[in-house]
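Look for subunit A in each of the two complexes below; its partner is subunit B in the first and subunit C in the second.
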Partner chain A sequence: MSKNKNPFTFLMKTNFKSLPLFIVCLVILLIASLVVVLRVQKRTVQREIYHQGIKQILQINSAGTDNIKNKSVKKFFKLKAHNKYNDKLYNFEFIVGFDRSNPNQEFKGQLQGKKYSSLHDLAAQALAEKKAVMQLNRGNPPHTVISLPLEDNQVGIVVKNITTRTAPTPWLGIILIIMLAVAAFFLTPEPWKIIVTNSIGALGFGMLASGYRLAPHGSLLEILGNSPVGFTRGIFPPIWLITSLFFIGTGILYQRGKIDKLITTIKSNRIAYTYVLPAMLGMGLLVLLPFAIGLGLGFFNHCNGEFQFIGIDNFVDILSGGGTSLGNPLNFYFTLGVTLLWTLLNVFLHVSIGLSLALILKDPLLKMKSVYRVLLIIPWAMPNYITALMWKGMFQQQYGAINIILDNIGIGGISWFSTFWPAFMANVITNTWLGFPFMMVVSLGALQSIPSSLYEAAEVDGASKWQQFRNITLPLLRPALFPAIVLGSIWTFNMFNIIYLVSGGEPGGSTDILITEAYQWAFKRGERYGLAAAYAILIFVVLIIYTRITNKLTKAAEDM
Partner chain B sequence: MKQHKTVIIIIAVALFLAGLIAVQTWLRYEATEGRSQNIVLWHSYIGKEAETLKKVVAQFNNNSQINGGFQIKILSVSFDNFSDKLTNSLPRGQGPDIFIYGHDRLEDWLSKEVLAPLDYWFSNQELKDFHPLKALKAFIHNKRIYGLPLTVKNLALFYRHLPDGSNPGNEITELQQQNHWNLKNFQQLATKYTRSCPWNNSIKCYGLGYSAVAAYQHAFLLHGFGGSYIKKNQKIDLVTKPALKAVNFARKLAGHHDNAVVPPELSYSLMSNMFKKGEIAMVISGPWFMSQLNQNDFQFGVKPLPAIAGKPARPFLTVEGIYLSSKAYNPTASIKAIKYLIDKQSSLIRAREAGQLPVRKSVIALMKQNCRDNNKKCIYKKNFFDVFAELSQETVLMPASQEARILWNPYSKALKAVIERGKSPKAALEDAQWEIKKYLGACIRRDDKQ
Partner chain C sequence: MQGSSSFKIIIKHLFLIIFTLATLYPVMMVIRKSFSPGNTFQRSLNPIPEKVTLQHYEDVITKTDSSGRFLFFRQLLNSIVVALVTTIIGLFLASTAAYAFSRFRFAGRGIGLNMFLIVQMFPATLLMIPLYVIMDKLNLLNSIAGLVLVYSTTAIPFCVWMLKGYFDTIPREIEEAAWIDGATRFGMFWRVVLPLSKPALAVTALFSFMTAWNEYILAETFLNEETAYTLPVMLQHYVGSYSTSWGKFAAGSVMVSLPVMFIFYILQKNLVSGLTAGGVKG
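Take a look at the complex of A and B:
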């Protein structure tokens, strides 16, 4: 009793449970803050060196190399550009050269040899871009080269040691946030501790980092406007977003007791978790990490190798139809409609053909069953891209086998890929050819597990073949067929190969499904990786909804 | 006991991680060691061009005086994936030191900082040896050169002696002599040869083979009628009078109508097969088409494309060049390799054995000299270099901008809509214009914000 009167011991005892999680979140908060701070510091230093370099070049240019006082300047060169190859290219010669480490060295004539190639490159870049250019060199000691275009086709180049001091780290701000978080942690009752602490941490981190980023600029308008340090620029928005999501997510999970449960489960099944750890690591690295990156990419815009955070713009663009009419193949809803129709039709054909063939193959009077079985599995056994290319050849208008057959029976050839329905059907025919053997094999296996005594009893009772099929075969097939249908429809929903290789989205992209549309945006339409990733996320969402519905249906069927 | 197990698990995990780090370090060491004396060259050549490149490289590798102890290692990369592989691997230090590709991705690669400039290493005299001028111009950006031409490629008209003894080449020569080799007569000639094949009435023969729905092939018509895909200020205006005229004419040549002189849904392989069998009399293609043909099987020739509105037709010119990677492991040795691959001797081998049109004045002069001395060895004429070289003067350098790269797909889609589905040219080109604007959206958005 007396021990509980000591407030520190009391606090430690009551908060011990969530303390490790709190420390983990605190460390993450500290790392995220330091990443942003260090980056801002690096940028500030670079900017300062850049301006110093320009100033020094201009000073030396007007005062001459004899009076270079600043010891940070290691070398200085003034070059003059002469045009070569009919004025289309630069050629440089030394006007002045100074090297502090070797004051007697002479710099005369044209730049030649390996030694001066980087000087040439920097001078040419400054002249071409008509602005100062800076190159950081990680030598020992680290130095920077800055070149500045001067009057009369001349360029000044300064090589200087990095002497600029970095901007002070906002330790006070960081400590204040940590103290606030610690106070919130001890003052908030369980199970709200983590969510309150983390929300304060995320908010504080956001305020601190954005304030620090803007400190050298000083204007509030810059935060909201289009300045290079605005809220949507650089790595700050994604880091802040990810950290905040993690913090709040952890808080919610903790509040609901999920984290406690997880820890208890891990503790009680330590050996089992050790066994599955390699698989979990593999899944994490090969599945979850790419998935998370894809998810994040959906919030970015890509142009010429640069990514810019744009929030949910990509999703808005896709879900609003992107300014296209509903009948335009570039409209998301058109593609979604085509994808659903494609999936439904294919799965229907796969199941009906597969099941029919399985029923035929099950007939005890049928001879050479094994031969038929092998023949019918061949389409499935062949790599699907080879089959797709073969079918594409067969759909060729003039020399394709299908049109030759149609011609011979008097129907006449069809231009398969000129209009929507023939092109769509060409895809469906190819995919049906590829897909029915799977359903046939599944059905055949399930059919063989139905005891023949049930049919015999039904026959004794006078049931017709149709009644036997409806009341015995179908209900007993359901447990095997239902998962196969779910699996088949997910495969078909994302069946990239057939669409890409057979119709190629023709005519005019109208037979593209969501997955090929995502591919088109990523690799054929100006490398819009962000938009493609957003498409992929939407595909994921559609499939999650579908799986949830089918799970419920399966459960309902099991309960029946 | 429990503690003992935990210690074992921790040690096992630590050993596993240490092993992974060791393997990675060793692989890294191997890779850098391997690269210290090697120059990695990527290309997407196939057939004769790939074989000849191997031969030229073998000569470099075997001559220690030239290579200075460095060896070129060749890696063949598929054409379609070349650019993606390059831009993905170079920043990770796994790409090539030098590579061969067309000039049309130049601006894209520059924006991704994949290329290193070359002009510093080449004298004025060396640069002035390149011909035609636009071949080198294709690699110049901001007064720097980022690639050196190996060969140029442009479209021309191939014709052949047909199995029934007729030869459209004679008629073209006649029309050329009378100065009547124009679009109208070209269409008439193609129509004349579009008939039931005289040697097998059940098969339909066609006068012309070309990919009418491809924007690259369509360019000669567009430029001929006075249009262009991209304006000088890089703006795209597709719905113009010349563009409409060109699309209308393409629609007359190809499509699902009785007067079409081009077979429907023509692929490159189908076109070459039909040409070899004599089922197509004339083909519009580039020098690469010659690798499919053999003068011993049937006689064929190359002629210029017909004049349009009184001026020569102007197809695109693609320049194939060699580039230095900005991440080259040893730039000086790589420059040596580049110098060797573009030099006179290698150019001669490439021209003779791979049929690559030479782009150096000294090589062209030498080849022409050989023709005068011994006509039988006149590769310059045998490979139709004289025709292609003359035609290359009247070409339009294929644009290499970001806009151009995005343009081809929507434009080809518009051509397809008109030719195969009978859509109105104006509506189809308007759709393409809208689509391009949308595709460029990512970059426009960024520029606007800045």
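Take a look at the complex of A and C:
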């Protein structure tokens, strides 16, 4: 291209088929980046101002006390701070909250033995030493909470009414990046055109959006970008990474001709896609998006409202057993073992009970079949949380029906939830009660589809009942039963309600299965959302492997 | 020969009767509790209450909040609206998608079908945190509409697979005949395929209805006003961490379970054919 003397000849050589795509990409990029830039910058500036301001407190006025809800005392402080970055003065209003359980205790600022005369010095020091955590609440008006542990009490400093200034949008930087991208588009030879353009756009906007300063403080580039946003850590680099990967990905897809192909297939299958679209939209927003967020959360640590990117630490923590021995209920492999045992035992009982009942009910001479069927379906129709609580009552040590029966037989009542096996069996019994009707109905349907002439022929040939069952019933049941078993085992694997409501993991979390363990981490043991999400991902992986194997098995069975 | 087979039948009846009674025993105990006075269990195995009282039912139905509004009827209405709308939306979304998966061969079909299967494996309890954030952003927290959206989408994957299996069993020739008679694509779907798949649709409807009627964890998380609760949340609160009113719980359980049981009873004939036609084809 450099050989061309005419500067406009390259226009003639441009593949115009790719131009609309390029423009679409760029527009999406621009809008996405702007949204992110504006939002992120606003937050970042608030953080920055706070960080800067609190280090140089000029003036503090105590503005009185106030009784608020729950009788905890809050003190107002007014604070003037100097932000060295933009040479401006900011007014903060502080509310100091005292521990609710101990409202009379005077605030005493102490950090590592050193006394601080003002709370703000203390907070600043605590922040600097990472002893305190700051979190921004996007209320109205936005306020920041600093929480720091002091003498066993969590003390929160609420900073509100921060006089904020939204950082100016780095228009010059945006224009610069667009220019770079456009130049790259026209100057790069064809095989690399889109991928280079997208990469430049993605990396550039990503950097802006992520709050990375394009240039050192005071340099020309900084003035061009006019970006007052300092180097920030935390959640922003992942955003940068994701946007970059997205646009580089589209570049690669285009490169391999996939996008053109996609457009043509969309056009040719228009009707099919319109039928699928409503379901897909709903699924996308309410299942896949949370799913993706859940996947992402597995790589973060959640602490006091802040998410911190920690890579694969959660997974390492779980898979290495977290420093616990194999026999410890908190050990991943222990829980996995319990889960597998739980699933196997349940599915085995569901299928064997369901199938036996179906075989009995199949008898053409049997009267009142439909009565039995309706009555036996009742456990399935009952809401399963009611089932769980009902059985919990049955297993109750003093008044529970089961212990009374055991007493009457002479075995004596058991304390069901104080050792592992009884607690585990209580869960299994409850879930078996709940699950066999489904298998029974599926088996009934499948048995109906087996022509009776087969049995008549077998009868003529002198086959015994058992031989008939082995050679006719079982093989013909398999195609119907197999998907039901796969589905049933997935449901059982993730059967949250029963475990959570019957044994609740007692004793000591040993009867928890993976899903309830994950729930415990998220909601009972200190909001460790990241760890819980990592558990969820591992559950997902186990199930994927499981269905892979069963798929292979079904294929093999079909080929037989 | 005749004698031995009638003997077998009697054995079978005997077994079925014992098994059914054993199965229904816990349910009978709940019913007993709902009619007996007091809020704790009695140490008794008799499923028939000694003293019958309607006190628990009365308590549950006439419960009011601090400003004197009746809660039960509001919560009942919430549950009914949520379950019905979920059923309608779920049926619409699942049947259209299943029809496309069954009748069209298009790029992404395999991926789509697999996705519907895989999505079932992701533990729903843990979608809760992200879902909460999304519902918050959409301003749908503490509203019935939000619950309907979530329920109808979570019920979709199972329903799509089941309906697709059933649609597969309907011969294409019927549609082709309709096509020759001048039916549109939608006409074929609406007037030919849907009426032929009533059993499967009934099961799908039942499944969506049950999902919405019985779901408790998401409702508990998303709803925080007593007047916006659905019945399961209300029930749960009777035996929550602050109170154990087993009597009221039992009475509530009976009232919550009855509609589902009734619908199950109506649709149970379809259950066998609807489930297995889908199952056989997988």
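Here is the rule we go by: the second predicted complex is superposed on the first by the 303 of 560 C-alpha atoms of A that agree within 3 Å, B and C clash if a C-alpha of one lies under 4 Å from a C-alpha of the other, contacts with A are read in each partner's own complex, and residues count from 1 in each chain.
The definition used in the following text is that a contact is a pair of C-beta atoms (placed from the backbone, for glycine too) under 8 Å apart; a residue touches a chain by one contact, two chains touch by 3 or more.
Given the structure is predicted, the values throughout are model-derived calculations rather than measurements.
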Once the shared chain is lined up, is A:Glu506 touching subunit B (first), subunit C (second), both, or neither of them? first
Decide which partner touches more residues of subunit A, taking subunit B and subunit C as the two options. C
Please indicate which partner A:Val316 is in contact with in the superposed arrangement: first for subunit B, second for subunit C, both, or neither. neither
Based on the superposed arrangement, let me know which partner A:Ile378 touches: subunit B (first), subunit C (second), both, or neither? second
With the two structures laid over each other on chain A, which partner does A:Asn269 touch: subunit B (first), subunit C (second), both, or neither? second
On the A-aligned overlay, A:Gln398 touches which partner chain: subunit B = first, subunit C = second, or both, or neither? both
With the two structures laid over each other on chain A, which partner does A:Leu176 touch: subunit B (first), subunit C (second), both, or neither? neither
Residue overlap on subunit A between the subunit B interface and the subunit C interface 396, 398-399
Subunit A residues touching subunit B - in the complex, by the definition given at the top: 84-85, 88-91, 111, 114, 117, 120-121, 124-125, 127-129, 226, 274, 301-306, 308, 310, 322-323, 330, 396-399, 415, 417-419, 506-509, 523-528, 530-531
In their shared complex, at which residues does subunit A touch subunit C? 262, 265, 269, 271-273, 275-276, 278-280, 282-283, 285-291, 293-294, 297, 357, 360-361, 363, 365-366, 368, 372-387, 389-391, 393-394, 396, 398-401, 404-405, 408, 433, 441-442, 444-446, 448-449, 479-484, 487, 490, 494, 496-497, 515, 518-519, 522, 529, 532-533, 535-536, 539-540, 543-544, 547, 554
For the complex, which residues does subunit C have touching subunit A? 5, 9, 12-13, 15-16, 19-20, 23-27, 29-30, 40-45, 92-94, 96-97, 99-101, 104, 106-109, 112, 115-127, 129-131, 133-134, 149-150, 152-154, 156-158, 160, 185, 189, 210, 213-214, 216-217, 232, 235-236, 239, 246, 249, 253, 256-257, 260-261, 264-265, 268, 271-273, 275-277, 279-280, 282
Taking the touch rule as given, give the residues of subunit B at its contact with subunit A in the complex, in rising order. 9, 84, 87, 108, 111-113, 117, 119-121, 124, 127-128, 136-137, 140, 142-145, 256, 263-265, 270, 331-332, 402, 405-406, 409, 413, 416-417, 420-421, 435, 438-443, 445-446, 449-450
